[in-house]
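Structures given as structure tokens follow.
Look at the two complexes coming up: subunit A is in both, with subunit B in one and subunit C in the other.
Then we have the complex of A and B:
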């Protein structure tokens, strides 16, 4: 079952920063356990940006929360494994998870105000991270730890291109705009020098010109600090511009994973194709974009077989009967679709 | 122009802020500050801008949920400030608005049938219940919803169904002019395409005129005939959609267009051409309102406010150096 995923990952020699395999998560809804993630698999190498795309309800945020051990109370892991730098995360004690969250994984969410403490200055919030993780402070060089923490907080703000960081460090979150707040949250994520940053729809709440600033900041950080990033978004444009590889999710399953150029040039799964076609562009002339018929099924009442089949233009009898297995089509490309079973179909 | 279905002439809306203990006004937010444009019958007029630019205030003024501080709004040639009782009722029926959040536009305890037929009675579109139900069902059919949803409550519908339902409710009364305020920003991408196609189809089928308000340039581009770009209460550029997107002259429009991540890994990278954030509308920058973010700003931009003038045939812009950013428009290959 997992041979396909294994094979595709075999080319990489180093231990991946993140390796999720066959992760299944269930949610308790109305007293019943509903399958929310179905054998999700993905791998991120050091310095790589992996775009995780899908519509709301596809399971991308649930996947992110699983990595950080932050699943909501009504969720449970039903199987699979999550390895960070080769170390299994699932089944760890709360204490071990806390250490892991402090050192290895940083999360940045859509809404920075809910993440920042409204009664502490920006500087106090960043300095707190150094206080909790003294090993992060470089040799203090005569300065007191406190002053060194403050100095490095200012440096962190400078890294995320906040103008006038010496003044911003004294400000409270409400005194900053949404874009500035999001930069502060990114700075807070980076000071811990995490192995992996998970960014969940971080520009969705921002204005377009500010979104462009944050995206170009991420592109820059990718070069300067070799950011390893799990980039969760519904925007195929953002994925195209920032990601090295893409994982497409639909209704709790990975339907296709591929490097970004291959996916945009020749998407294989009908859902990936449809998703790319729903993106209108403003290239010369009007682009007619084809809507996907129907809507994503409710998790409580999923269709039998392939969950995309009721909306799929290419569905045939197999599709409603059983779930498609993952197939390694080309090197680095995995697709879960009956169309490609037997490997006969090619573009 | 007299053949405009809707017109705004020098419209302004200022809000007092920081009203002190004795109701003193500490400052005024110039949400809309001298806006003029006309919408012709059958057109889709796109109004685009970032948060705080005043685009939604214009929507509220056009449906008379707000009264202007200055200027004149007309519909079918009649001044909105001077509608008598009868004309007002007629106006309410002929001008409809669809808000961004369909959940917030529906009473959580009201069935969809009730939501659909209530305005029909209020606006005296129908005389009896049978006619109302028939009309509601016809509206549902127009938006592609099954009549089975009539029994449901808002929370029992999906996001896409709710959005369709509020469109159906607006259309059920038989409007001539529909204001769409961010009609797809609360739905997923695959549904966005569905809703936009539906709106385009309804416009053709029902002979409607649209004012489409959105922060999403791609949506504006796809739907609109004419586009106006707003920044801090003013129109900075206005032209036909084709002209505006292929030959933008205002640096702000260029910044907006180039801020869109191109869904092609081979194409240009993201360009952040506007510096910093939108300033607070309470404390407007001197001169050109965009100068604080404009990479091309000169001394004159800080001192004098550029008027909106015709720069090319039918293409209006408010900039001291129109076209200065033209070379920054990222090349977008024909797909």
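Then we have the complex of A and C:
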């Protein structure tokens, strides 16, 4: 990646940072291979924040892990492609994947307490990233590499607004609050100056006030270090606050993708509509939740046709028979639903 | 709570444990029907008058009720009077202390051997789970534990002393702690009683070499008792740790497997092995009775075995108490070691 393309931003012609197409993943459950992801597709341009939403179990984390080649041992990719800066990730050797993880793709996970190593100091866990990427160390100016890595680790803590980073760098994770721990993990992601940061429900495990702080940190980092972010969440509020575009997943497939404003204004897929209704809305001074009725089908026993049909208020005879194809409705909007076949339906 | 008060509390607990052990051994011994405790104090075959017997019985408080006898017994223990061993022709405590260094040297060598072999084997087995290396490690360690130690000891003697000798190959000594000639012509001044340490301190390398060669077979035989346990626990604990979230985060940094195992997993996985090292020492000291007998090793276990054959109950009880004390002390040391390995542990 040259600096020219780095700067060319979200122009539609630029090579996307991430381009997933038709990604299918299978899981071995009870001795059988079960389809967990069904031809998932999504694209992220440089500097863009893509919200990936869907209920628990819809396949968001599996999608994220595939990008870094970190699928669990009982999972396998059954087809499709994942391109990072135009380069195919699937089929890379473990060594090549390690180089990619060390530099290009950084993950931040849900529960910082369990994702930080309890017996290593914060500094040790950040500084080890420089061992793999010595080119990230600034001109040492007489300092040893070790000390320079330590100094830059402190700077990274400062960047994620950790107070007193010189002290925190010596601390063990258990000595920090959950919010501070998550900032540490974010700092680890940022020191790599990665092409793509994947944030998988990074606020779910935190208190509400801390959630807000982390979200405003992300908003700030978008401006200051121009993050390219895959933001995974099941909270539409977070999507509204941070994302440029949004991909909605249900039961292993993408049901709708669109830019955020359009989706919030006019959701097309019945599942997107239902999901938006679960955003608490203020109604006569009361906060109202409207959860989607029913539950997502088990992977091992998916319904025929459209997987949403048992819960869909708009389902009709086609729905239980055929899988809906993906349809490009307007520019930049894709929906997979029989309602829109022929592109005939409008608001 | 400070370290000192923790140690103080643990030492108080040690007192309680020993009280319990002494109670059990005392009542089992004295409560045995048809056995006159006086028999332990008189030389067989030496006729004594009824008067002399009666006065001896009074002197030893054997005519008092059992609970009171126990009080006398404990009071004597505390004074350092553990009774007189017919077998050693020495006071029990003196006899045990004189043979303690030999047993310590053997047991420590066995613990070192079983951890030095068991920890890497357990790690390899975990990393190669269900593959050839794992199966091989498990088969060997299970076979090791299924054979009685005396039998393994004899096999070792046959192979490394007898058969190798027959073939004119270099052999390993099969009995004793030191070569007879070396002990005669160039003896060491005992300081710690540990031959390896003393010979090094006094710079007697020939003595050191002979002591080391004598240690090989018995310590290996003894280590086999705990080797299987170390392998099994290390493997299970490593597998458990490798499933943890912080290992996934470490992998997502692009760290090579070696770094992940050595830096991120090992320190978390080693604690259960440390825990068992404490209990294992108890098993090893029990095993020392057998191994020391097979290899004519002049330690406490050897003496205790002779005591058993001699009906020298005072000695056997003393040995039991002594081993119990050692186990409690070792467990305390192990608990203190946790704090070194795991920063979360505070006392």
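Methods note: the second predicted complex is superposed on the first by the 328 of 347 C-alpha atoms of A that agree within 3 Å, B and C clash if a C-alpha of one lies under 4 Å from a C-alpha of the other, contacts with A are read in each partner's own complex, and residues count from 1 in each chain.
One rule holds in what follows: a residue touches a chain if its C-beta (ideal position, glycine included) is under 8 Å from a C-beta of that chain, and two chains touch if they have at least 3 such contacts.
For clarity, every value in this text was computed on a predicted model and none was experimentally measured.
Subunit B and subunit C, once both complexes are superposed via subunit A, fit side by side. In the superposed model, A:129 lies in contact with subunit C only, and not with subunit B.
Contact with subunit C, but none with subunit B, is seen for A:111 once the two complexes are overlaid on the shared chain.
Judged by the number of subunit A residues each one touches, B leads among subunit B and subunit C.
Contacts of A:119 after superposition on the shared chain: subunit C is touched, whereas subunit B is not.
In the superposed model, A:207 lies in contact with subunit B only, and not with subunit C. In the superposed pair of complexes, A:22 makes contact with neither subunit B nor subunit C. Of the two partner chains placed by the overlay, only subunit B lies in contact with A:234; subunit C stays clear of it.
Look at A:99: by the touch rule set out above, it reaches subunit C but stays clear of subunit B. Within the superposed three-chain model, A:325 lies out of touch with both subunit B and subunit C [touch as defined at top]. Subunit B and subunit C never share a C-alpha pair closer than 6 Å once the two structures are laid over each other. Those residues of subunit C that touch subunit A in the complex are listed here as 244-246, 248-256, 259, 263-264, 267-268, 341-344. Those residues of subunit A that touch subunit C in the complex are listed here as 68, 70, 97-103, 106-107, 109, 111, 114-120, 128-129, 132, 172, 174, 185, 188. Subunit A contributes residues 55-56, 163, 177-180, 207-213, 215-216, 219, 234-242, 260-261, 264, 274-276, 278-287, 289-293, 295-296 to its touches with subunit B in the complex.
Residues of subunit B that touch subunit A in their complex: 50-51, 158, 160-161, 188-194, 197, 215-219, 221-222, 245-246, 255-267, 269-274, 276-278, 293, 332-335.
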